[in-house]
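Pasting the structures in now, so scroll down.
Two complexes come next, and they have one chain in common, chain A, joined by chain B in the first and chain C in the second.
Moving on to the complex of A and B:
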């Protein structure tokens, strides 16, 4: 048995988009994934980090047998997703953030029971497990509540339980904390980590074998940093980097990272700052009463030239902080923009 | 939230093969059967409204002095409209709605058979709708003093079983076709509702139609099913029948085989096509 839970080789997916009525003949192409090469070991909690529209959901769809790749191949739990979907499906499950699956007229227990039956679980065992898992997410008091009466957060907890319920070898979570409040998101993250750490497969032997694997997509940096053993940063369908969060940040540790809060920018652009030889990346964000500058500098001394430019433009520095690199900085270093800037640009194409 | 080391299943005895197939049918039928008990709006939409249509036809027939058997024909037809509405709205367009709700993706990635999911939808829908149809027949018969004289219970049950199998088989087949439609599914269902009431003879014997129109309408299993049932339960039914009951039973058997086979073939084909074109998940994702 291969020790990889997930393996992709030169995986690409191109969507053909029909034009509107006037441009019926014109078929545009959208490259959602381009030559993605990834390996996820058994037992890993692996994160796909990228802005909306980066290709994360497309990758999950391919890995869960819902979408065929245009070229390349992917294996999950040792089986090719295109050639042997029937061998992949009993071994996986998937939960998406904000999904409204199930039937509103059924109670939480009934919905979960129904999905368990599609995996052939004996009813008695399924019902015991539903109670046990609902207790873990603090939803046991809602077991007889109709799912249409649940709040978004509680509904998402129910969905997460659905994912764990069938005991998959590989679980795919697509933006599992999307739209949740801070408390609910924290609970969900805790449950995810607990599941990976404490749920051995019955017949595990050897490195990583016998351990659950979880692939999670997120555009929340903190989530990726807090949860994932390894993270792949993905943008515009391409994997830009893949390593542990610590290693990804280590590459930036010889750089100096500053955050500066200023008065309004008076025409200053990030390009003006990036034209300075020692400034690697600069991102500007409007905030109340001024702006925030995030700078990645090749060396600390370069800060002087930035301050000079600010002074020339009569921009006041209100606060200056030097900080340790985060995954957000790693993303900015790789892409040249902050993730939220990329999302704003890509909003019409997101999907 | 507390950590619990027993999160893993100890020795899961998940079933596969035909037992998984049966489990899937039962599980997918469950929301339909339970849903009926919890959502009472069907009493208005599926019983009261069809009863209004039945009453209108009954009064027209009585006003023009049509034979009294026509009243019974109308009550039977009114009951059968429940099945047609169920097939249109809860079978044909159902996979499209399941897709938009996010359920379809979960059905596909599960190890179950999609055919079992469709059968579960059909069994649940048939169970719930039979109850509605029975209420219409009982209420209509009491209101309009309809009398029955069943010629053969065995044949009656056989015709009903065959008509329902073929009808829901047709629903399963069209569900696969509708999978590739977007919101047009809604419009097509709307479009199919009223014309079928006419050509399938829900409120009059189809013998009154041109032979070829009636023959073409026989592709809808309810047309011959309803015609055969009328022949079997009304004394003068045979006189107003389109074809003989035996011929209609034979055609219904052919329709059963045709629709169920086509449903299986189309479902496999559409699933592959939808996976290739990326149409299995809801539009917003």
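Moving on to the complex of A and C:
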């Protein structure tokens, strides 16, 4: 058996979108995934990091057998998702964040128990595990509450428990902390890390067989950085980089990264800054009473030319910080924009 | 086919279906609802019949209509029950994708979801028949019922309706939310063509083939014959066929619909994955 929990080769997905009533015959194509090649080892906590609309959910849908790829192939737990979906399904589970799915007329316990039965779990074992997991996410006092009476956040916690309940070989979490408050998100991250770390086999044994694998999609940089063993950065359906968070950041460590808070920008654009030879990337964000500049410079000395431009434009520097690279900087370096800027641009086309 | 997977898909779906159908109110109100609803719908038909015929309850037409209407309850209940599960899971509970990635047999899951409506439909049929015997002189004598024919016809008929429901469920997978009444719409359309409330001879000649092609027509005739044999045979529709011949036709059409349901499911399932429809919620 392959030691990869997930394997994709030239995986692509193109959606054909029909036009509106007037343009019914015109079919547009939307490339959601383009030649994605990924391997995730068994026992790995792997992150897919990218803005909304990057193709993360499409990839998860293909890997969980919900969607057929347009070309290429994917294997999960050693089985081709298109050829052998019936062998893939008993080995996986999936939770989508930011939604409140579930049968509102059933209690939390009933919802979870029912899904455990669909997976063929012995009832007694399922009930024990339901209690354990609900305790871990702080939902044990709601075990007999009808799920329609739960808040959206608590319902999302219930769904996260549903994913872990069947103890799958490969678990897919699509934006699991989306919409959760800080405390709830922390509980969920803790559960994720604990679940992967307490694999049935100790680390390094048996080429990873029997170890739990988790693929997590997120657009929260901190989450990816905190949780993931490796991260793939994805944008517009293409994987731009894939490595450990430390290695991804290491590539930027030769660069100097600055964050500058200024007075209003007086017509300054990021392009003006990027036209400077030593400025690799520049991003501007409006903040209360001024703006924030995030700069990736080829060398620290280039800061002088940036300050010079600010002075010429009569922009005051309120605060200047040099900092270590983050995954946000890695994304900006790869894409040329901050993730939130990409999301703003993509928002009108999203759907 | 994995037997345990099929069994657990069906049994758990049956459990879930029952919870969804019955858990929305307290048991007393639910019991009232289950009894009142079919009585009210039967009453509409009885009042209409009474006005048109001047209260000719002794005419053989009355038990013909009354029994046809009573057993037609199963058509809506089973067909709509099975297909409704798709819309309910996808649009309302947003769980269809989780069912789809679970190791279950999807057609048996849908069939299981329809069981609760079949059970509620059974109560409705019993209530309507009892009311007919007690208050409307429907000539139903339990000692004269052909129980063997009744049980075989009922089982075969419910299987046939389940297969038709599966075809509708598969099609529902491909359509948006506003087709949520597809099961009941089809059941309603077939009401006119299946000899439920009038013999097929009443229809224009060019419409009759629809009725003769529908297994429901033969099934309703068998149900009437098994319960009130001679009265039903007073009408020309299907009178030339013996009970055995009708059973043979019903069996043949059931097998055809069963095969059609398997192919329809496979095709719709394949297309739904191709088009990414399994978790697509209608946003209007």
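Here, the second predicted complex is superposed on the first by the 344 of 351 C-alpha atoms of A that agree within 3 Å, B and C clash if a C-alpha of one lies under 4 Å from a C-alpha of the other, contacts with A are read in each partner's own complex, and residues count from 1 in each chain.
The rule is simple: contacts are C-beta pairs under 8 Å (C-beta built on N, C-alpha and C of every residue); 3 or more make two chains touch, one makes a residue touch a chain.
Keep in mind the model is a prediction, meaning the values are calculated, not measured.
Clashing of chain B with chain C is the outcome of superposition onto chain A. Of the two partner chains, chain B and chain C are each touched by A:110. In the superposition on chain A, A:195 makes contact with chain B only, while chain C stays out of contact range.
Contact with neither chain B nor chain C is seen for A:219 once the two complexes are overlaid on the shared chain. In the superposition on chain A, contact is made by A:125 with chain B only, not with chain C.
Set against each other, chain B and chain C touch different numbers of residues in chain A, with B touching more. Of the two partner chains placed by superposition, chain B and chain C are both touched by A:65. By the document's definition of touching, both partners, chain B and chain C, reach A:89. In the superposition on chain A, A:99 makes contact with both chain B and chain C. The intersection of chain A residues touching chain B with those touching chain C, taken from the two complexes, comprises 15, 61, 64-68, 86, 89-90, 92-94, 96, 99-103, 105-106, 110, 114-115, 117-120. Touching chain B in their complex are the following residues of chain A: 13, 15, 57, 61, 64-68, 86, 89-90, 92-94, 96, 99-103, 105-106, 110, 113-115, 117-122, 125, 129, 132-133, 135-138, 146, 164, 166-167, 187, 190-191, 194-195, 198-202, 212, 351.
The part of chain C that touches chain A in the complex is made up of residues 4-5, 8-9, 12, 15-16, 19-20, 23-24, 93-95, 97-104, 270, 273-274, 276, 278-279. Note for the complex: chain B touches chain A at residues 1-16, 19-20, 23-24, 26-28, 30-31, 34-35, 38-39, 101-103, 105-112, 117, 275-276, 278, 280-281, 285.
Contact residues on chain A toward chain C in their complex (touch as defined above): 15, 61, 64-68, 86, 89-90, 92-94, 96, 99-106, 110, 114-115, 117-120, 162.
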